[in-house]
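As written, the chains take the letters A, B, C, D, E and F, and residue 1 is the first residue of each chain.
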Amino acid sequence: MAEVTVTRRMHFNAAHRVHNPALSDAENERLFGKCNNPNWHGHNYMLDVSVAGPIEERTGYVMDLGALKAIVQREVIDHVDHRNMNLEVGFMRDIIPTAENIVVACWRVLEPRVAPARLARLVLWETPNNYVEYDGR
Amino acid sequence: MAEVTVTRRMHFNAAHRVHNPALSDAENERLFGKCNNPNWHGHNYMLDVSVAGPIEERTGYVMDLGALKAIVQREVIDHVDHRNMNLEVGFMRDIIPTAENIVVACWRVLEPRVAPARLARLVLWETPNNYVEYDGR
Amino acid sequence: MAEVTVTRRMHFNAAHRVHNPALSDAENERLFGKCNNPNWHGHNYMLDVSVAGPIEERTGYVMDLGALKAIVQREVIDHVDHRNMNLEVGFMRDIIPTAENIVVACWRVLEPRVAPARLARLVLWETPNNYVEYDGR
Amino acid sequence: MAEVTVTRRMHFNAAHRVHNPALSDAENERLFGKCNNPNWHGHNYMLDVSVAGPIEERTGYVMDLGALKAIVQREVIDHVDHRNMNLEVGFMRDIIPTAENIVVACWRVLEPRVAPARLARLVLWETPNNYVEYDGR
Amino acid sequence: MAEVTVTRRMHFNAAHRVHNPALSDAENERLFGKCNNPNWHGHNYMLDVSVAGPIEERTGYVMDLGALKAIVQREVIDHVDHRNMNLEVGFMRDIIPTAENIVVACWRVLEPRVAPARLARLVLWETPNNYVEYDGR
Amino acid sequence: MAEVTVTRRMHFNAAHRVHNPALSDAENERLFGKCNNPNWHGHNYMLDVSVAGPIEERTGYVMDLGALKAIVQREVIDHVDHRNMNLEVGFMRDIIPTAENIVVACWRVLEPRVAPARLARLVLWETPNNYVEYDGR
């Protein structure tokens, strides 16, 4: 039976600072450069949430994208949009807010909530020239 | 021997209505909401057609993209562009025209026609914020 | 005093048919070709709404873009999104729904409602390769 | 003699908070909502810098775009990229960092520095769905 | 009577070299740097052709965009696509092929051919980060 | 342990000609059409370089994207930007410069240089409507 992957693209704006509190300021500065600015900087993030599964015969859908959007809005976007990723996001507590760590944290939040569809891939764009992706492995 | 995937992006505009004729109007309305509008709505669809294979030494091509474009134009675009997906498309007869069902139907049309290249993936964008993909499995 | 133009981009999907009911079917077919398909086709429209004015000292805004978005949503998008532009849109009654006519009709709807800001320009994209613009003159 | 407008697109990432220090916290919250978050948020800004003038016969250029890029980089981007627009940018001191105010401040910085070309227009995108423009009037 | 501007976006790929044959090689190298490479380089150009006029009551069009596309294809694109802008394009003979000079040359070709519509603006993108525009003045 | 893929998007402009010197001119013309133009044509290429690996606990990075950018700039972009792909690029010597062959050649250049990260995928866009991808298999 055909398995199709469907994706909903979501957007949020946030401030962050790439900083490891276990390291000295000098080491942070050396490792992260301008991304370590103590006064923060920020991005327009774009998150592509993909779920996979068979097509339901009754609806022609793998999953209602309106329902998927509502889940991602409630579980992720409402927590990060117009927020500070280092200070204000419960699921990012004690995690350096690099794009890599954000995408894995989003996976942990979303993976149990999209059933019976299967979370297949997350792609997070941090700028128009760099993005990260994670498929749970 | 290196296997490369090459993609040609195609565009079409169409009207559709997400509707299951086996269900009541009330059930259709409940399941599909505004997408069930009996007066139709429509989209600018974007279809990425990917074929994979070894690079031919003589041409440096996996497949001539002009030839691929001509196949997709003749077998898919000419049938759906400026058309009603529910009423006028032979390969969509009796299929609810969700993006998921359209992409699988396009696969069935294109898969036998791109040989000796191998159809590797179809991605269908329905709006700038949602797309579906299928790889034949 | 500086006058700045601020723009909010909005999206809607709709079905339409380019058809002049005052002309014969043959004449419509000749003039509009595939855009005259009696079974409709459709587009993902993108509408850029621009207002101009001085910057308010208290807010740093020409106009609160959240308020502008709410006006455009209520006055335009809610009437056209997932709709048939020929059959279902009050402000398009008896108007051939070309992009040109749609953009002028949107102007007439929005111009009186954005005061005290001044509606400066509307740009309507019908496909990724064509768009129209109107500035009220 | 033909006058042509040439544009160089530049990018920067920054944190900001829409906040008027002359108003109470409650009034700021009422006016600016989530954009007033005291912990900041941020954007990937895109700035289109346009200069106009006749085409130099010797070069075929209105202005060497490499030179224009260097001016914008030195005078604007180096001051705002990976910075906090409220706290760290000299030319934004005591200015509420809305897109409107940022674009006018950039104009004041750039206008005297692009001579003998004439600064013709600045467009600043704050998100993929909103932008502001200013032409010095 | 309302005047609307309608735009058709066109694409072409070409090779060029920014070079003034009246100057020495050293002077060319100093003025144009890597753009002066004698072995050429190239671009995917994007040309937005805008015409303005009143909306025809019979059609709802300022001008049939299919007709506009055909004119631009025949008069410009067929001459420049997959061509060398310095060597092979009649309307660029003895003109340094900067974006500024190309856009003015396209104006001269197109302006007499779009009547009774009025050519209102040409925008030529040379890369995703730079473009030029010309309105005939 | 989570493996994440991180991507850096890079840009270059180049001239090329699709031509197999082992074949006759007539055969080249038949196989490659306008892409065989002896006077060259060119493109704005976009190259997405993806590396995969576990997230380093100390940095939250799979690999510092600034370091990845510097490697791709030095090993690829500096060799191809504003160049002729047939005549001037060491790693393309005796290779027909189709997108397929370019992407495989870039892989051979980059794969040994990104260790200890693992080169996971290269995507090369030749125009806005076609791209190729390679993952080393």
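Convention: a residue touches a chain if its C-beta (ideal position, glycine included) is under 8 Å from a C-beta of that chain, and two chains touch if they have at least 3 such contacts.
Note that the coordinates shown come from a computational prediction; the quantities given were computed from them, not determined experimentally.
Common neighbours of chain C and chain F (chains touching each): B, E. Looking at chain B and chain E, the chains in contact with each of them are C, F.
The chain with its Cα centroid farthest from the Cα centroid of chain C is F. The interface with the greater count of contacting C-beta pairs, when B-F is set against E-F, is E-F. Between the CA-based centres of chain A and chain C the separation comes to 33 Å, rounded to the whole angstrom. Chain B and chain C have centres, each the mean of its CA atoms, that are 28 Å apart. In chain B, the residues that touch at least two other chains are 128.
Under the touch rule stated earlier, the contacting chain pairs are A-B, A-D, A-F, B-C, B-F, C-D, C-E, D-E, E-F. Those residues of chain F that touch chain E in the complex are listed here as 11, 13-16, 34-35, 37, 39-44, 81-84, 87-88, 127-128. Across the complex, chain D meets chain E through its residues 2-10, 55, 58-62, 64-66.
For chain D in complex with chain C, the touching residues are 18, 20, 22-23, 31-33, 95-101, 103-104, 128-134, 137.
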